[in-house]
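In this document, chain identifiers A, B, C and D correspond to the written order of the chains, with residue numbering beginning at 1 in each.
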Amino acid sequence: MQYELRSMFEGISTEGDGETRVTVKCRKETVITMLSFLKKTGFDHLALISCVDRINNNELELVYILSSYGGDAAMQKLNILVKTRIPRENPQFYTATEIFRNASPYERELHELFGIFFRGHPGLTPLFLEREYDIPPFRKDFDTRKYVKDVFDQIPFVDDKKGRT
Amino acid sequence: MDRNNIGKWFKSPGNMGQKYSLHALYFCTGCGIIEIPPTITTRWDAERFGVIPVATPRQANLFLITGYVSVKTLRYIIRSYEQMPEPKYTVGFGSCPINGGMYWDSYNTIKHLDKYIPVDGWIAGCMPRPEAVFVAVTHLWTLIDKGMATGYLKYREHYTKYRRNQEKVLGKLEWPPLFSIEEENEKSREKVAV
Amino acid sequence: MVIVLVLQILFVTLLSCLVGLFLIGLSRKMTARIHWRYGPPLSQPFIDIVKWFSQTAVSHGKLFDAGMIFSLTGSVVVVLFLPFGGICPLRGSGGLLVILYLMLIAPLGIALSAGEAANPYASIGVSRKLQLAFGYELSLLMILLSLMTYYRTVSIVDIVEAQIQSGWSLVQLPLVVSGLAYLLIMPAIMGIRPFEMIQAPQEISSGPMAEYGGKFLAFATLQHALNIYIGLSLFVNLFLGGGSNAGYFLIKLLLAFMVFQVIHAVWPRFRIEQAVRCLWRWPALLAFIGLIIVWVTTS
Amino acid sequence: MRELELYFGPQHLGMVGNFSITLQVEGDRIVKATANPGFLHRGFEKLMEQRTWIQNFPLVCRINVVEPDHMELMYAMAVEKLAGIEVPERAQFIRSIYLELARVGSHLFGLWAYANMLGFDTVANWAMYHRDLILDLFEELTGGRVYHIYLWPGGVRRDFPEGFEDRIRSTLHTIGSCVPDYDDTFFHNRLFYERAHEVGKLSLEEACRMGAVGQVLRATGMKKDIRKTEPYAAYDQVDWEIPVRTDGDAYSRIWVVRDEMIESVHMIFKLLDKLPKGEAYQRIPNPFKWKIPENEVYVRCESSRGELGLYLVSEGGDKPCRAHFRTPSYSHGLTILEKALENESIADVGNIMISLYITAPEIDR
């Protein structure tokens, strides 16, 4: 499996125990073709789209986790983690909604919590949040404790007779 | 029913009616709702005390805030609370509405519920057991008897302050104020204070 | 004479309200027992009524108030036409046809009132209520026609008296089929399961009641109580021989109610189109057969 | 006919959990449904980055209130994999028994919600009572009714108390003796069939395309269960079957749930018979100074709703760098629900929603 992928795509590196998890690191251009290729090979279940904020490298790491519905026992055991890195400033990426239908809410979530803009997504409307934040809240440089102090703790109690602040 | 209560029934039927028929608004605001089904079904059976869940805020007079309140939920809590007919009672269920509980540093949950709507009683714990609901109900009875469950009156009195707190978190509210807002008075009072 | 009439009217109105509320309380207690629960005290509906009257209420316009009063009045007037044991305030006039006509007023009043509230759930509930009425009205009409043909009278008091002499209608051979049909549409008239889709709190937030609070809810509950009383009382008067006195009548009412309560406790609710289909199939067929049997035997 | 916009929830008696659906309605038919989550968003995964590895245990179980135990398992498994901790065999068995009890409890809760939705109040009350009996077992074992925090990296927090196995058996016998009653009043009821048959139908192909897992997938005819494909705990030590039905509608989903409950109970009996002796936990390093080497891991298990996963990244510190839960309700609630509600009647909104087994806190996290 790993050899096959490495021979088909350029500039990727794979690692993993080969039995249960395989990690594929690739450039951002190849991700969408990689996903559609993997879907054709039988990895047709998109389990998760996640994102890790690598603040030290000033990069965001996108992780697509795929597994298989059909296939034999060995294939069902296998999870493929497709990873790519995009810059942290003004992050943009391509949508996977046309390959996997359930990618849509994941991309909306990442748009909201990490500020990644997915090009070609049918509706990147807010999913969870009601208030607007300067920095998307799941990034590492967003300090929730400071935010709580600045916003929620500043609201006064209605009756001050009890002497609470 | 207690026979000693007959006198009270003649003296203040309204109060006694409020006491023995607390209709709780069914609103799953947080994870505390998991203990409400056991409370109203076979094992604990809250209907013995006249506590039943009802479908719309118009029919309810008890608002159980079950668990943490996120900012998005707060908007609906305020709307539901303002739709309930008076007199109405609010009970915070669980630690989270009291002071944020274990979400004290979360960016999306409000920490003190009583900054936004008046609360008549609290049930601490995560998760409080169903018995705690009954303890809260009996405490609420005592409060109603003594005329101390006056959260709704407080809401009327301090409506300007409550509304201002609500708008600080939610931005401009899209529904008209329930009571009149004393905008100028507040400003002039501030000036005097300065 | 007039004083007696006024007293009778007051007595029957009050007593039917009380009986209806008591039946609601009994229903809650019985359901609780079937659920393995202890249940509320029997006086719980009365406590609720007292509470609702002590609350503030939000009105949504003149029609909102008027519709409620209209509907309650309609129910009270129907009650006055029904014999309560030996007492029937408006015995001389009308009879079954008037009752059939007046029974439509209550749903119409609720429809007017709930329509004014402009709550979408209320309007869905009202449309369900009218559809359900459309479902059972035809069977009810045929059943009443067969009774009227059999006893050759339109007066409900005469029917009760005839039954006192010759035995219950339900056990008289030509009327058995009609009686069965009435038993089948009975839950729909009373609005209990499996025909509870008018309120259906889990689906449409208690439907027409969605915007009622405070005294409006009290009136709506009274109307519901009267509705239960009307459905049961019609059944007892027409098929179970009414009652020579009030006590006997109440016992029959109670027993009939308990039977339906058991059904109410263990059945779910239909979808509205399933309910109408169900009502138009078996009860309507039975009522039609009953009508033919009565027509053949009497002519 | 006029189109109407209808808000179903969050304040609604038919809504289990704080969730909202905006419906475009034409008469009684739903033209378009839009799920509107986020009422329960607390930013768990952000909060987890600010707490140490052990401090996160009280947090993870609160992600899904109906079934906190599988969340604990996920986190414990991920930490074990990252830190390379072995779990003793007895602990594996205890975990399996505990998780299956949790599954039965969660399914009984689902049965309560579904029966309550259709108006089967009696069945709903029974189901809630029987769930309470299971919660009593948990309370004896862990001290908490709802949140247990029982699983631990390296095993479980403490061994079974004396005689606990017999009490599990007798409780399960009590519940099992009521299965005929449930069948008579609910599962074989003609009205249940009428209400649930052909409602919210999904074909196998559609289900796969939209990422269905758990009993939503199994009701469409696919035999897939993580407990079989990638066994964890002690699931590979006993024989059991995956219940499957083929219609893909609400009726078959609820039947799959029923069969799964019975299968779980049988599995608990088998596990109890095979329960080995030995240690129930492995000592872990001092939790205050515990640092886990830089690595990342994706673990998954079968919760009572379907495939549950956790993607956990460590950067070598005493706190996780990033955690992301893959929850089954996510695609059920946001993708499949919108599709399944199209062209259905308003009366069936709650019916479909609960038959898809959606819990709102899992979506929002």
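Remarks
Everything that follows uses one rule, which is that a residue touches a chain if its C-beta (ideal position, glycine included) is under 8 Å from a C-beta of that chain, and two chains touch if they have at least 3 such contacts.
This one's a predicted model, so the numbers in the text were calculated from it and none came from an experiment.
The chain pair with the larger count of C-beta pairs in contact, out of C-D and B-D, is B-D. Annotation: 44 Å between the Cα-based centres of chain C and chain D. We define each chain's centre as the mean of its Cα atoms; on that basis chain B and chain D are separated by 31 Å.
Each chain gets one centre point, the mean of its Cα atoms, and the points for chain A and chain D are 23 Å apart.
Between chain A and chain B, the centres computed from C-alpha atoms are 39 Å apart.
In chain D, the residues that reach two or more other chains under the touch definition are 12-13, 38, 41, 43, 46-47, 50, 125-126, 129, 364. In chain C, the positions touching at least two other chains are 35-37, 201, 205-206. The residues of chain B that reach two or more other chains are 41-42, 54-57, 70, 72, 105-108, listed in rising order. Applying the touch definition to all chain combinations yields A-B, A-D, B-C, B-D, C-D.
Residues of chain D that touch chain C in their complex: 4, 6, 12-14, 25, 28, 115-122, 125-126, 129, 185, 189, 191-192, 194-195, 345-350. Residue ranges on chain D touching chain B, taken from their complex, read 10-13, 15-18, 38-43, 46-47, 50, 58-59, 62, 65-66, 109, 112, 124-126, 128-129, 131-132, 135, 144-147, 360-361, 364.
Residues of chain C touching chain B in their complex: 28, 32, 35-41, 43-44, 47-48, 50-58, 201, 205-206, 209-214, 217. Listing the residues of chain A that touch chain B in their complex gives 128-131, 133, 137, 142, 144-145, 147-148, 151-159. The residues of chain B lying in touch with chain D in their complex are 25-31, 33-35, 37-38, 41-43, 53-57, 68, 70, 72-73, 76, 80, 102-103, 105-109, 126-127, 129.
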